[in-house]
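Chain nomenclature is as follows: A, B, C and D, assigned in order of appearance, with residue numbering initiated at 1 for each chain independently.
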Amino acid sequence: MALIRAFETRVSELYRDGEIPGFVHTSLGQEAVAAGVCGALREDDYMATTHRGHGHVLAKGADVDGMMAELFGRATGLCGGKGGSMHVADPARGILGANAIVGAGMPLITGAGLSSKLLGQGRVAVAFFGEGAVNQGTFHEALNLCAIWDLPVIFACENNGYAEFSANADMTRVASVAGRTAAYGVHAETVDGNDVAAVHEATDRAVERCRSGEGPVVLELMTYRWHGHYEGDAQPYKPEAEAQEWRDRDPLILAERALVESGAATADELAAVRAAAEARIDAATEAARQAPDPAPEEAFAHVFAG
Amino acid sequence: MALIRAFETRVSELYRDGEIPGFVHTSLGQEAVAAGVCGALREDDYMATTHRGHGHVLAKGADVDGMMAELFGRATGLCGGKGGSMHVADPARGILGANAIVGAGMPLITGAGLSSKLLGQGRVAVAFFGEGAVNQGTFHEALNLCAIWDLPVIFACENNGYAEFSANADMTRVASVAGRTAAYGVHAETVDGNDVAAVHEATDRAVERCRSGEGPVVLELMTYRWHGHYEGDAQPYKPEAEAQEWRDRDPLILAERALVESGAATADELAAVRAAAEARIDAATEAARQAPDPAPEEAFAHVFAG
Amino acid sequence: MSSQAEIVPTRYMEAINLGLADALEEDDRVILLGIDVGAGGGIFTVTRGLHERFGSERVIDTPISEMGYVGAGVGAAMTGLRPIVEIMFMDFISVCLDPIMNQATKLGYMTNGALSVPIVFRMQTGAGRSAGAQHSQSLEAMLAHIPGLKVVMPATVTDARDLLLEAVRDPGPVAYIENRRLYAMKGDLETDPLPLGKARVARPGDDVTVVTWGQTLRDCLKAAETSSASLEVIDLRSLVPLDIETVYRSAERTGRVLVVHEAVQDFGAGAEIAARVGEEVFDLLLAPVRRVATPAVPMPFNPALERSLLPSPEAIAAAAEGLVAEGR
Amino acid sequence: MSSQAEIVPTRYMEAINLGLADALEEDDRVILLGIDVGAGGGIFTVTRGLHERFGSERVIDTPISEMGYVGAGVGAAMTGLRPIVEIMFMDFISVCLDPIMNQATKLGYMTNGALSVPIVFRMQTGAGRSAGAQHSQSLEAMLAHIPGLKVVMPATVTDARDLLLEAVRDPGPVAYIENRRLYAMKGDLETDPLPLGKARVARPGDDVTVVTWGQTLRDCLKAAETSSASLEVIDLRSLVPLDIETVYRSAERTGRVLVVHEAVQDFGAGAEIAARVGEEVFDLLLAPVRRVATPAVPMPFNPALERSLLPSPEAIAAAAEGLVAEGR
């Protein structure tokens, strides 16, 4: 979580300063979802995410240098600089990629779950998506497919209350995403998405269900987007009190507090973790700055497979 | 109902004999749905239907001659012979058309409901669709739109148990379509679709809700497709006992029986109705046979509007 | 009908906004539908102020349900409204092609004119800003291949407004395709609009006819300034209807034609122009019709790679000069 | 690898079935997904017997959820399977273009080769049977415009099987487009398959090069039989990769090229062929490259109207003879 926090904070600055091209969507304030879900997965489990996927990708084990370099569009990036923030992927770690089409990850992860089942691999497949994506037909179609085929798929809905500038409550009569899943006959849980332990435990339960062949599970992880939809969005549409309330429930501080209270870590140790994360991001940023652009002929590589 | 029965029976024969081109999907055994729903509508209410739409179109008031001629592809057809069975429409009677894309009618009817609301017309808009279409994303998206905008739209699901060769129970964990609509916070009712009075009453209630601004209603009308998916399909996938059970509940006979029992009509009167329907279809068939093909230049007319 | 009578320098995106406002103003049946087009004013601020001015019944925010709300737009058009539906990025026609291809453009024909579908599909395209392979496609060729759909691509500030108004007034479906790389471009907002379906000679010249539309018009005009050859630059403005006559007339005079577009070259709209010119102007061509367009690859994220693929003024000028050199 | 070594007259649809069976047989990772492709054997009986033979884990019936199951096919291809997904009618790409256009064909590129997507999108097209405007479209031009997608259109019984097998073995996404008007056609199932990406000279000739693919091959061959001109008929077999060299070689010899296809002419795939020939064979062309294709209208239901729009052997022969007459 500290690493994601440091990464996203830095990315926000780098984007503001014009060092990172394209569109960037940060997950600041949502780190517990990424850490809690991915922490409960095996390295060979599959994961697909969205335009707001940096945290998920890092939590699933992607190399920080490769990640930062990708956002810079460098040859050393996870995708050789050809994917960028919205398309970063690392299939070797089960990371099938971020995706810039809202809702597109759910059918893809359905296929990953199908592979796992048909090939008898016992791998779980997780799709992260926002509550806004629930209104896409792909949510409906993919969840139904996973249900009838009993696929080991976790639908991890990161409910941060907003899709771009629009509040979830304005876009559906049933604001609870979990409340919308009875239509598919699947198990669903709503979890405090700012409580990393709760997210982890719920994911453990979901994983167990999946691996035991009971089919898909929907996790609705309640959280909040600190920054604008994209970097630069001033968020005039958010009530200040609401934003403040959520900032007061900073998932990283909550996690640190719990560790200290349980005696699992001291404040000093946690400060050291934060400092190490900062240093890691410093190094990754510097490496990305120094890294070369892809060679011009790379523009023509991998258009066709094989 | 007698007219629809006579129409569909004749169409089935004409298709078998090669007099009607293209694909034909009959609604034999489902007549109570068409008659019950459309009977509760005003002439200016909107209706959109599917590939299996003859009954709905007739019940909504389309001219029988124009309908039959359209299936023959004649110039005198409702669409000048350019639409055919799967695209027959009659906008003057609110009939926005049959549609050969499964699920496409629901977004269209959402728009009709939006027009009615924004123009303050008080018109209700009805989409007929099969239970198979419920698995399309358009069902999910359109129903949600109607719900948040409180549109006067009735989602009339004709649940005949099968989509082509596939049983509904194999394609979802929640076989009750009404059971799948809690996800949208809308009112839903499941009704015996072979009981025309029950369908009519349920539609009356739905229309009232719509006109009073409460938003969409889902009606799940339980019925059965007597013939194959398309004419010619021998239906090896259907259990014989099941088919027999439904044939024993012939909606037309049930309706006739109710009329006789209530004293509203005598057996003779009903026989006369059936005979009149036959005669009407005879005449429509003969007229269609005699009618000319569209002029060659019609192929180029109405590509662009205006 | 425009709200601006005098000529003032305006940005392309402001001109779109003016066009939308004028359209909403002049006809009560016009509504605007899309994701965050309302209260938020659009993610690129193009629709700013319209929600406040026309209210939430006419400027409507939708959920992320393109198939649903684009289809609803079509249904509304069939029943008396004149919707402008926004598809936020043109790449997203991938999730709502059905209402465009199988409904809006076919219903009028299939009902032999009993239905009409006056709808504008407003969308934007434009590579060159590292938006990645899923947010950078120019797909006008796909749309132009659909019978019954008009396809307009404004390249100037004036057309940004006027073609939008013409599209809204059209009795049938029109795809109106903005280019977001032009959003900040300033230009004079002229009165006296050219009708939809007429090409415009953006710059006269004698040696080579350069045919283009959308963003690349700027590049072609730049190329014309620096090139040793005299380029006649034609802005097609709409692909459907296609004012091919204006191209023929110019080609008959110059004998050389270069087609330039931002979209992928293979099976792109430029092929149709080239094929027609090759057919109709056959005897008068001094050199083969050539194309400058993006090679058939997904758009890479890296800015340098992306730039290397897109047509540039230099490449256009070089191709035009090449045509002059090889001319028989 | 084929299960049929000797040459036997077979129907086109049986050949597809053989190809599917061979593909499922030779590689355990191959699965077939689609609406009623399983127990029901396909609405046109093309997949008959496969479910019984390979079981419901490999031949999978899906709900009516194209976006979902086609996308699932793409996800399965990314993770070790080799799916063949059926899109029942090609017109339905309107409801599942995203997994084709924005996912399958872009993921390999966007990940710089870390992912590959070996999937076959199997679909059928074919007007001429009054299927109506929403079930009669030939949309190969749209697909061919998408970088990274191979597009094959078998016109013969042999190719129906062999191109399918090649498509399944390909490491990337391939659209395999059948024509249902050919389903009943009988032909010899030949051994010794031509690779995907090679065109075939279906009939040699001297006066006019006729370039075609899919269903219209038959019409072109009929035209060649009756025409007073000597036609060289080239079956492209695949649009991507496009074996344009074979076309050039022939065109250089004949000096006259006619492109024939069933799809709508405007902005159709024929334009790309015409544009390339016009460019590369410029000096040797004796007449303009012309096209015979369907005019830009939705397909009407009425059989006579429909017939009047589709390319016919007579129209092809006439166009070819016209080329000979006007040749310089």
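Keep in mind that, in the parts below, a contact is a pair of C-beta atoms (placed from the backbone, for glycine too) under 8 Å apart; a residue touches a chain by one contact, two chains touch by 3 or more.
To keep track of the chains, here are their UniProt names: A, B, C, D = Unannotated protein.
Everything numeric here is computed off the predicted structure, so don't read it as measured data.
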Chain C (Unannotated protein) and chain B (Unannotated protein) - chains in contact with each: A, D
Of B-D and A-D, pair with higher C-beta contact tally: A-D
Chain A (Unannotated protein) and chain D (Unannotated protein), separation of their C-alpha mean positions in angstrom: 40
Centre distance in Å when chain A (Unannotated protein) and chain C (Unannotated protein) are each reduced to the mean of their C-alpha atoms: 36
Approximate Å spacing (C-alpha centroids) for the pair chain A (Unannotated protein), chain B (Unannotated protein): 45
Contacts with 2+ other chains: residues of chain A (Unannotated protein): 79, 81-83, 87, 99, 101, 135-138, 140-141, 144, 148, 170-172, 298, 303
For chain C (Unannotated protein), residues that touch 2 or more chains besides their own: 63, 65, 67-68, 91, 94-95, 98, 102, 109-110, 132-134, 147-148, 296-298, 300-301
Topology of the chain contact graph, where touching chains are joined (line, ring, star, complete, other): complete
Chain D (Unannotated protein) residues touching chain C (Unannotated protein) - in the complex, by the definition given at the top: 67, 91, 93-95, 97-98, 100-102, 105-106, 109-110, 132-134, 139, 141-142, 144-145, 147-148, 239-240, 242, 263-264, 266-272, 274-275, 278-280, 282-283, 285, 287-291, 296-298, 300-301, 328
Partner chain B (Unannotated protein), residues of chain D (Unannotated protein) touching it in the complex: 35-36, 39-40, 43, 61, 63-68, 91-92, 94-95, 129-135, 295-298, 300-305, 308-309
List of chain A (Unannotated protein) residues in touch with chain B (Unannotated protein) within their complex: 135-141, 144, 147-148, 170-174, 179-186
Residues of chain B (Unannotated protein) touching chain D (Unannotated protein) in the complex: 21-23, 73-74, 79, 81-87, 99-103, 132-133, 135-137, 163-166, 170-172, 229-230, 237, 293-294, 296, 298-300, 303
Chain D (Unannotated protein)-facing residues of chain A (Unannotated protein), complex: 46, 48, 78-83, 87, 89-92, 96-97, 99, 101, 104, 106-116, 118-119, 137-138, 140-142, 144-145, 148, 298, 301-306
